[in-house]
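I've put the structures underneath this note.
Both of the next two complexes hold chain A, though its partner changes from chain B to chain C.
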Partner chain A sequence: MTDATVAVVPRRPIEAVWLPFALVWLALVTAPLWLPLIGGYTALAARVVVLGLAAMGLNLLLGFTGMLSFGHAAYFGLGAYGAGLTLKFLAPSTPLAILLGTLLGAAAGALFGLLIVRRRGVYFAMVTIAFGQICYYIAYSWNSVTGGFDGLRGFDRQPLQLGSWLIDIENNDTLFYYFVIALFGVAVGLMGLLLRSPFGHSLLAIRENQRRARFLGIPVERHIWISFSISCFFTAFAGSLYALLNNFADPMALHYSLSGELVIMVVMGGMRAFWGPLIGAAVFVVVQDYISSMTVDWMAFVGLIFVLVVMFFPRGLLGMLARRKTP
Partner chain B sequence: MTTALIAEDLHTYYGKSHILHGVSLNVGEGTITTLLGRNGAGKTTTLRTLMGLTPPRHGQVLTFGQETTRWPSFRIAALGVGYVPEGRRVFSNLTVGENLRVPLGRTGHWTIPRIYELFPGLAERRLSRGRQLSGGEQEMLAIARALLLNPRLLLLDEPSQGLAPLIVREVFRIIKQMRDEGMSVLLVEQNVRMSLEIADWAYVLDTGRMVYSGAARELAADAPRVLALAGVTAESWSAAET
Partner chain C sequence: MMQLILFNVTNGLIIGAFYVLMALGLSLILNLSNVINFAHGNFLALGGYLAFTLAGTLGYWGALIVSPLLTALIGLIVERLMIRRVYNRDPVYSLLLTFGLAFIMQGAARYVWGPNGLPLGLPFELSQPLSASLFFITWYRLFMVAIVIVAVAGLFALLRYTAIGVRIRAGTLDLETVAALGINVHWLRTCNFAFGCLLAGLSGVLAAGQIGLNPNMGDDLLMPSFIAIIVGGVGSLTGTLLGGLLIGVAAALTTVFFPSGSEAVIYVIMAIVLLLRPHGLMGEEGMLT
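This part shows the complex of A and B:
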């Protein structure tokens, strides 16, 4: 055989994996400390985390499986309404609200996914928009249940009862923030495990070239459907947290404009990077918050930033940082 | 000797173009069967038909005794058929390591560590992306990827295409090793000489029709016939390549 018996097997540098993780968590955990110093507030951070989670859910489908959904707000909104309706009509229980909201959005995604899984590219995107709009109009019109255009009110996130401890997330915003990032941590951990699994690897192959993945034994349609359903699950989970954050759910949480914003967050932050969508969400939410206090046309600025990023950093903000290190 | 693959009277079309006209072939278990022919004869189309990528309009394909004529390609792969396409077709944006994790896991003795033992060059290039590999490395990767399916039948489409002679020898040596380990191989090639050296049985395809079927040894001994059938020019057939 050849002389080179023990080849030097390269390994991905430790920093590449754990550094972003450490930085993100450091920033998140200490946010209530430094955010007020720069003119922010805790609820802003919670908003970033919630929308970031929604965007990361979308990215499972977009960045890792290669399918563009322009209707993901539908599942976000269903998660929000599910949680709100649970608190308003079923039981004053935060965990139940989150569970039912998430299941509502995930189930809708799984069922709808069955219908569209064979569509490709533009057709896939168009059909997802359509479903999103159906949900929007139902929420808009079904006044008696959803409160119509004014939105669903009259519910409050309930404090958590853990044995004899009462965690007052209802009144204490900071406690609620830590509750949110704890759940975010669980969700993100699950996503990471999923992407490292053989199933996760097959999604990469599907993104790259579906036909090639097929002759390697991967049941492509089935895996796309599973990826779609899981993606909707995480986005719905984020939606339920969103309802708890604002004690409010409205049809705009289902609107295609939010779907578009989620896509912007993903692409701006970096589709191929795990934490990219979170960074994108942070930029989006912060710019929106800061500029909207100065002018009604804040969207123009966000749009401008988005165009600049796409033109000069097509791999997104995080992708731009990663490229510096590639040999 | 049992048959790994039986193809009967295949007629495959690309739209209105009638490419394969009643192609039939057998691949005996544990043998290397080679399919030769000019450019455009229909060799790649035959493999694509067998792999479920371009189903035939008429005809039948039996793989390991099962009728797989209209099966989707992932089902055929799951049955134990490894396909190494023309032009390698590795995932260019994925790294070598990621490429190797893609194939469906089937039980067998081919694991990623064993692949790295067999292809130390791939081990060294583990973090390189598919498009950063040389032609020879891509061919190794494509073969490795098919091997990770633990296939019982390997379909190779012109593995020597565009490769340096030294690499070609290495590729053919590996193919021969697979056969010696009990795998069945259907080798589509334009490199007639090297194919006939390792093959047990040979078919020749000409404009979508099978024009020869016989023991590889016999065909190899009959140079003029080879030239006539496979359209190889005299120089490349008789040239003493390394």
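This part shows the complex of A and C:
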């Protein structure tokens, strides 16, 4: 982290904003058309988008506020369990499941955040892991409700009812994929607006120099807490979609190893770039899918990816592109 | 009832001793190098597995001594090759690096020693119970506690009375000044990392005698060690010692009254401590012992 003293944010040329935007959306919207040609499948694309959304939510905190959370899987998993439990026990309604799942994860994040934001640096990371593991153990040991180690089964996403128009996202994977990217679009739009707002700029100020931000009158602790809560909100939102995607929620979705995977997606894509985490998620999910079909020891290879990224590509894919353009 | 509570307190102290040994190693590395070593549990497993392999030729006692030293040597190599590269960078990189290392070491252990559990044979004298009335305490458990006490006392003596120990403590407070005084802080950090791995390897050998060996045996001990550090206060080794024993006993006592809550109680303790004393029981930011 550098102590940059940038007084005026220089306006980036218009194509620098719109070109990545257009490329990303072109790729996302046409994915069901070209993915089968290169041996992929639509559910894999949906997985990329969902995990990408979770990683982008995490990046609000990690890349744009400069706080290292290693426990975001907890809020992702709570979103998944919240959605699953709603469908199973409360009401067969997809929107309600998403809403309640998201709120569950966000509320837990806001609550834990009150205790977590008191620490900084690696200690912040350590406390986030510990709080994340609380959620893991609850899901793991509360057998009667969560299904324990075997995970939560026995629910299905429900078709959407828009007036008299029925959208069958339950059985049609492609329709569900478009449903996911529509929601992804809304979430990402909100994130973009947030980052462009004065609040978003104050988060960047906190990232660059906390002490300076404090002297400028920014309530640093409260802003970090808000950023943490919002970040958990988006991650939980992605989690609820994840439960709908798989019609399943398991305790590993809350485990800190998934937190680590979310962080590596962010870093691999480039944590200073808005779209970085999505690119990272795409690479990670595809590589993981490929390796796990080749060998049972795929975890060791995932570990190798971690080490290689840290040692040789610490700026991430988009970070390297950006540096090449502006020497 | 009394005997049940006594049994669980003893149990808790023994488990707590494991947490302490593991957490002290983690804490050493964290304090001096600002690195959370996610692979610490895997160094523990490595120590146990090496003892399993060495016990064939050196016997149990030889393995007990040589295996932690070998673990420390491997730790030293890992630090020189990888971990030192991330010291002065954003903490996210050190976390990801040790995280990836944990996956790799776990995969390697599974590859070399197989995915199934293995037992570590104990000498006959150690596996006997103390007496008929104290049937729940084997000599091995007493022996483990004794070793932990010796190791902890040794560590504290090392930090207090030897040159390298004094330098480690000074480096925890202000590494730049230590470097400016002409001490090679690169080697200091390497040695410190190796000490941490030595403690992990030792706890691995001890744990293997009690619970056997499997490739992810360290994972269950890693989280409680984190909690022990947070509860005790980051930066304070005495705090870590206290935190480890506290959560060990608390978890064991909870088992008596509310078995399914024994995992949860250590997190509850952590939350309470963070609420009332954000720096932990003994923690003063950046202070060691």
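Observations on the model:
By our rule, the second predicted complex is superposed on the first by the 308 of 327 C-alpha atoms of A that agree within 3 Å, B and C clash if a C-alpha of one lies under 4 Å from a C-alpha of the other, contacts with A are read in each partner's own complex, and residues count from 1 in each chain.
Assume a contact is a pair of C-beta atoms (placed from the backbone, for glycine too) under 8 Å apart; a residue touches a chain by one contact, two chains touch by 3 or more.
The structure presented is a predicted model; accordingly, all values stated were derived computationally and were not measured.
When the shared chain is aligned, chain C comes close enough to touch A:Arg118, but chain B does not.
When both complexes are overlaid on chain A, the residue A:Phe306 reaches chain C alone and has no touch with chain B. With both structures placed on the common chain, the touch criterion links A:Phe215 to chain B but leaves chain C unconnected.
In the superposed model, A:Leu244 makes contact with neither chain B nor chain C.
Of the two partner chains placed around the shared chain by superposition, chain B is the only one that A:His201 touches, whereas chain C remains out of contact. Here chain B and chain C are compared by how many residues of chain A each touches, and C touches more.
By the touch criterion defined above, A:Met67 lies against neither chain B nor chain C after alignment on the C-alpha atoms of chain A. Once the two complexes are laid over each other on the shared chain, residue contacts for A:Ile226 go to neither chain B nor chain C. When the two complexes are superposed on chain A, none of the residues of chain A touches both chain B and chain C. Listed in rising order, the residues of chain B touching chain A in the complex are 51-53, 72-74, 76-78, 83, 85, 89, 91-94, 98, 101-106, 116, 120-121, 123-124, 126-127, 145-146, 149. Interface of chain A with chain C (complex): residues 1, 62, 68, 70, 115, 118-119, 121-123, 125-127, 129-131, 133-134, 137-138, 141, 260, 263-264, 267, 271, 297, 299-307, 309-311, 314. Contact residues of chain A toward chain B in the complex are 2, 4-5, 7-12, 198, 201-202, 204-205, 208-209, 211-220. Residue ranges on chain C touching chain A, taken from their complex, read 30, 34-36, 38, 82, 85-86, 89-97, 99-104, 106-108, 110-111, 223, 226-227, 229-230, 234, 260, 263-264, 267, 270-271, 274-275, 278.
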